[in-house]
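Sharing a structure, written as structure tokens. Questions coming.
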């Protein structure tokens, strides 16, 4: 039961982080929150695998992803933030309050969706599927509604976190090379995105993606 | 079959060799290849027409659903014959023409495409597999495109080529659908193994409709003809001759070939073809009347003649359905003979038009005139072509129209209801077409070759080289020969007619062919009598004028003493009464400043008759699509957030809609 | 053997980063490409034996995509040598704006090309859907720097969009993978394994709803990468802004790899008896892609974008063919080959034209026929090929697909398919022909002539696509048949 | 050998100029004039045949070919016409088409000969001729169709031969339609009032006469002869329909036929005296009407 309790606690934490992300206007906050999410996920991995008694490969993965997501990514993103000298998400396409309301709707949708999808057997927690779906949705919402390139990377990370979280619900783990591969991919992706943000800020003096609209077919 | 394959090989070899050889030999090699190949091909075709058994070749071909099946049956041979007659004529002409116009220099792949065009047409006429047919069809169409755009530095040529390319491609799409549907219902794309006899009426009707659109586009039937009056004038004249003379016949061939594969035709197919033939015939000749450009005029006449051919086919189908073998046979025989005849006289006329354009530097009828004295050979050949296309005895155009008329008249003898209506409409339509064609070609010939030159260009024209005259002379001779030797030609068509009779469920047509042959023999007799009477009149006139004073003077100007060449009746004014009469159809736009006041200043007048189908149907359609697309292009606005939203929305919609 | 296929280009890529001399590096690029091609030829001749549940294994479909990728890469590598040799190093004025820009380091470019090859090879040999996912995402990462080779703001924008949209798409595909694993864990022997053959073997026991949802996720995920509308949004930007040799690889090789991801999912669904569900979905999205592509192809002012949208159209064709099943699968696979060859050729030629005219605008290019005769001839041939005119290969493959549609009683799909093909033809032919014809504009004198290294590679592709229209060789036919059988298109 | 057709043919050639004389005399009678002698046509021919020729410097051989081709074509056309119930010398299925197109051939060459002069007036006449004859053509062909359908035979000789006074009794309406249509074509093709006025003196209003302004001497003689023959050809058709008298004696039939032809001349004269020329713009309506009448007749005949 304790595992269940821990897992639930961590999931609720994840949920709260999602809501904070929806309402956060400062880029720094977003980066911090996504780091927190990474840390929570790493703990969740351990918790799901019977805590301290988890096999070594789980430990390896949990620690690896924890380090990457909670330490390395925030480091990249902060550096990019410093380069770009931007603090706030200005005038998002959907306001912060509205975003939170959308979050509520998304949560409801996730719960409904999860209820429609039967689970094959015992899962660590009934909350796991809805929360992971919710996290994916929140990530996508951030991607769609925010202007700054950095926030979009955050959104991407949140989506990945959601998917990762969903993966925890699987009765059987993905094989180690695949897990490592996934982690490496995401690592490389964020690394390259960081470089791109740096380039964008140099080229445009800003990382507002609203500037990135010169390639289009709309008759101007 | 060996001769035929040799023909294909020689023609292609000539085309390829011309790419590889030096400037001086470029045209000669290709012309030699085409001439030699055509000779082989003609032999192969004539052998079958003379009664030899159908030759076939079937080689497996590692292409999905394809097989390399060729066969020359009488129908194929009948279409091959004009190809291999016209091709060498056009090639000899073209060799010299290109040399004079372009100095043999920058002619690029023109010969390669010419030979591909010829080979493409030949394979279309002989292919017995859908994939092979489509392949050849497209090689033919695309080669023609490159020939049409040969002078692509001119804007209007590019535009014309473009129209042609789109039209032919859209037409092909219908053919693809048709062949694949046939394959589904008939079990194979090999014509010989296709079993469509049991196809339901709805399916057969659909296939027929697809064939009419697809093949009608190539043939130039109204309303699918819009490319034709654009492309033919744009191409070099020997190419126009080939395209108009043979390539558009591929549409007729295809229609016939498919009709032979389909179940026995219901009545409405015949009526539809009669109606489309009439519309194309009358429409084509009317638009021809309103044109000022000689080659454009000829192009519209191709629409007209395709209409006549289709009318003949329609009469044939009506007869076949009504159980009137004579009607059917006369209709088919007329249509097929007209295919041959049109190839000859339209080829001749396009070559003549090319000679005129080359010598006078313009094709505008209102700037020509008086060329008959400057270019007597071209003038005489063009006159024979004009008389032939107007369907006048003793030339070949009359013979084929005579057969179609005879079919319609025979249908009018005993037909009832719709058959009778088709017969009456066919007869009256042919008569009207004939009358209007006469008006149009007296206009064309008169304003180009007769009277005084209307411009300095025309005044300084000189007769073209022998290599240009020779093909024209040969074609003119062929027009006369077929006109007088029609019974023999009909004998050569016995095999085709038997094939068609069998295909449409008619009894063996020996009796009908005998009837038609005897009628044609009478016609030939009448023609010979005519020649004798004319010869007599010539002798009488010569006799009467012998020793009398024959003087030259200015034309009687009804008292006006100082007429100028510009006061002659122009082509526009000649056609004006008819154009005016048919204004509701033609919608000719006139613009200019009329003379006014007691001492009028300079005045001007110009008129233009753009194609109504093009202007009223296709252009708005395409413009509308373009406008709609322009609005839809908003979708790609450059904002990444919305792009991601598409992704999310697609995902959610698919999940909610599809996953239940 | 299979490992060597992946590792050779990967190590070569690392080596390329270390090499200092440009010429040596270019030689390495070509040598690696040819070695890879040789290896592929070897595995094509004799498929290396591997247990059916091995993660890395070559099945006929993989072999086919691998072969296409390798051929195209070899051609592109040779082209790239000429391209890199003629690229100006120093900052130079942008052709659309006045700003200066420079190229990225050539070493990185070459290395990324090789990594790109390695990752694409990995995609084709992956039999574990998880590995497949990793490989597909890796292709994105390897190719992003390639798109950003010309360092100006448009390529930056294109790269950003490519990276972000594809990454998000791939993330969705990962979720799809997990869904699939969920579906697999229901059965009695439910293992949750993502090895393709195990999934197929246990397919009847898969949970249908999870399975369907998984397919939708995988379709949207890999479909993003493949460029199916409306997920294609990154594609025209990336293809238009990348160096043409990269565009050729993106369009001719990368899109196929993404398609392979969808094919794998389709195999599972077919085995689970849900082939019709997946097929209908593929037909719908395929037709939609063709329609949308046609909208942008008509009156497209930028010829590289034109080619890019044509890729969207052809991906739609692949989806439709695959979705129709039966004989059309063969057509779709054949079309995959044809499209890659033809589109690769066209993009390389577009590179030649771009280099000579310094303009991507169809209105700014005239008289290519006079300035670059060989390029022009090939360009027109490519146009005919890509629009499905005989005697080129795409005609046959499209014919087979239409035949499949007709034979299986999809009248609406048939009509729409032909309609969109016609619209695309109309849209592409006009600008592409106008570019070739006429006299070169006086204001924009073309700089340069046909170079051997610039025309031989596309000419080779053109010859191949022409031959495929006249004769499908037996070695290819056999693999195509086997692949069609694997995917579930019997016959 | 049956000599009757050949004799009738020769008689027609001999009498054709007389028909013109009859028309002129009738008109003179109505106008209260004495008029030219009945044989004026012969006098004109004789005069013209004795003259030399003047050719415009603009013209070419086409101009000279016009008259000979016209007379040749019309002479052969005459051989296709059955007269007085006797089959024509040339009678075969579809002969009526040859007849129609021989007339067209004559017209073709008359028109281009006119255009060869380069005169605006002759061009105008040629233009009108081409217009009106094109519109008259359907009527003529449909009349032939109607006759063929009535006789269930494809030759003109059989078509006209099948008519008899009895036929007029049984379906007068249909035959009247055919006769009316043929009569209109007859007037139009021969440039008679109400389509054209052969005696007008203003070139601007002429059709046929203005086309031959530049011809003279033997050429004009040929043209005149051709136009009289053409009048006879088409007149014989009208007479064949309207007066299908069959006595059984060839000489009697021939006599009745010739008499009817002369009466036709009187009728034309009456029409020309009673009517004015139509406005040129109204002529097409008349010609279309003839086509419609003929079409109606064809459809009404029960096959």
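By letter and in written order, the chains are A, B, C and D; residue numbering begins at 1 in each of them.
Here is the rule we go by: contacts are C-beta pairs under 8 Å (C-beta built on N, C-alpha and C of every residue); 3 or more make two chains touch, one makes a residue touch a chain.
Model, not experiment: these values are computed from the prediction.
Visitor: Going by C-alpha centroids, which chain is farthest from chain A? Tell me that one.
Guide: Farthest chain from chain A, going by C-alpha centroids: D.
Visitor: Pick the pair with more C-beta contacts: A-B or A-C?
Guide: A-C
Visitor: What's the distance between the Cα centroids of chain A and chain B, rounded to whole Å?
Guide: Centres of chain A and chain B (C-alpha means) sit 69 Å apart.
Visitor: Could you put a whole-Å number on the gap between the CA centroids of chain A and chain D?
Guide: 100
Visitor: Taking the mean of the CA coordinates per chain, how far is chain A from chain C in Å?
Guide: So the centre of chain A lies 30 Å away from the centre of chain C.
Visitor: Need the CA-centroid distance for the pair chain C / chain D, whole Å please.
Guide: 77
Visitor: By the touch rule stated above, which residues of chain D touch at least two different other chains?
Guide: none
Visitor: Quick check: what residues of chain C touch more than one other chain, meaning two or more?
Guide: In chain C, 160-161, 164, 168, 172, 209, 213, 236, 296 touch at least two other chains.
Visitor: Which chain B residues reach two or more other chains?
Guide: As it turns out, chain B has residues touching two or more other chains at 630, 633, 636, 640, 644.
Visitor: If two chains touch, include that pair; go through all of them.
Guide: Final set of chain pairs in contact is A-B, A-C, B-C, B-D.
Visitor: Could you please specify the touching residues of chain C with respect to chain B in the complex?
Guide: Residues 160-161, 164-165, 168-169, 172, 209, 212-213, 216-217, 219-220, 224, 230-231, 233-234, 236, 277, 281, 292, 294-296, 298-299, 330-331, 334, 369, 377, 384, 387, 389-391, 395-397, 399-400, 402-403, 406-407, 414-415, 418-419, 421-423, 425-426, 429-430, 433-434, 437-439, 469-474, 477.
Visitor: Quick one: in the complex, what on chain B touches chain A?
Guide: 630, 633-634, 636-642, 644-645, 648
Visitor: Give the list of chain C residues in touch with chain A in this complex.
Guide: 128, 130-131, 133-134, 137-138, 140-141, 144-145, 148, 151, 153-154, 156-161, 163-164, 167-168, 171-172, 174-175, 178, 181-182, 185-186, 190-194, 207, 209-210, 213, 236-237, 240-241, 296, 300, 305
Visitor: Quick check: in the complex, which residue numbers of chain B touch chain D?
Guide: 369-370, 372-373, 376, 379, 383, 387, 390-393, 398, 402, 405-406, 408-410, 412-416, 420-421, 423-424, 427-432, 434-436, 438-439, 441-443, 445-447, 449-452, 515, 518-519, 522-523, 525-526, 529-531, 533-538, 540-541, 544-545, 548-558, 563, 565, 567-569, 573-578, 581
Visitor: For the complex, which residues does chain A have touching chain B?
Guide: Residues of chain A touching chain B: 93, 140, 143-147, 152, 209-210, 212-219.
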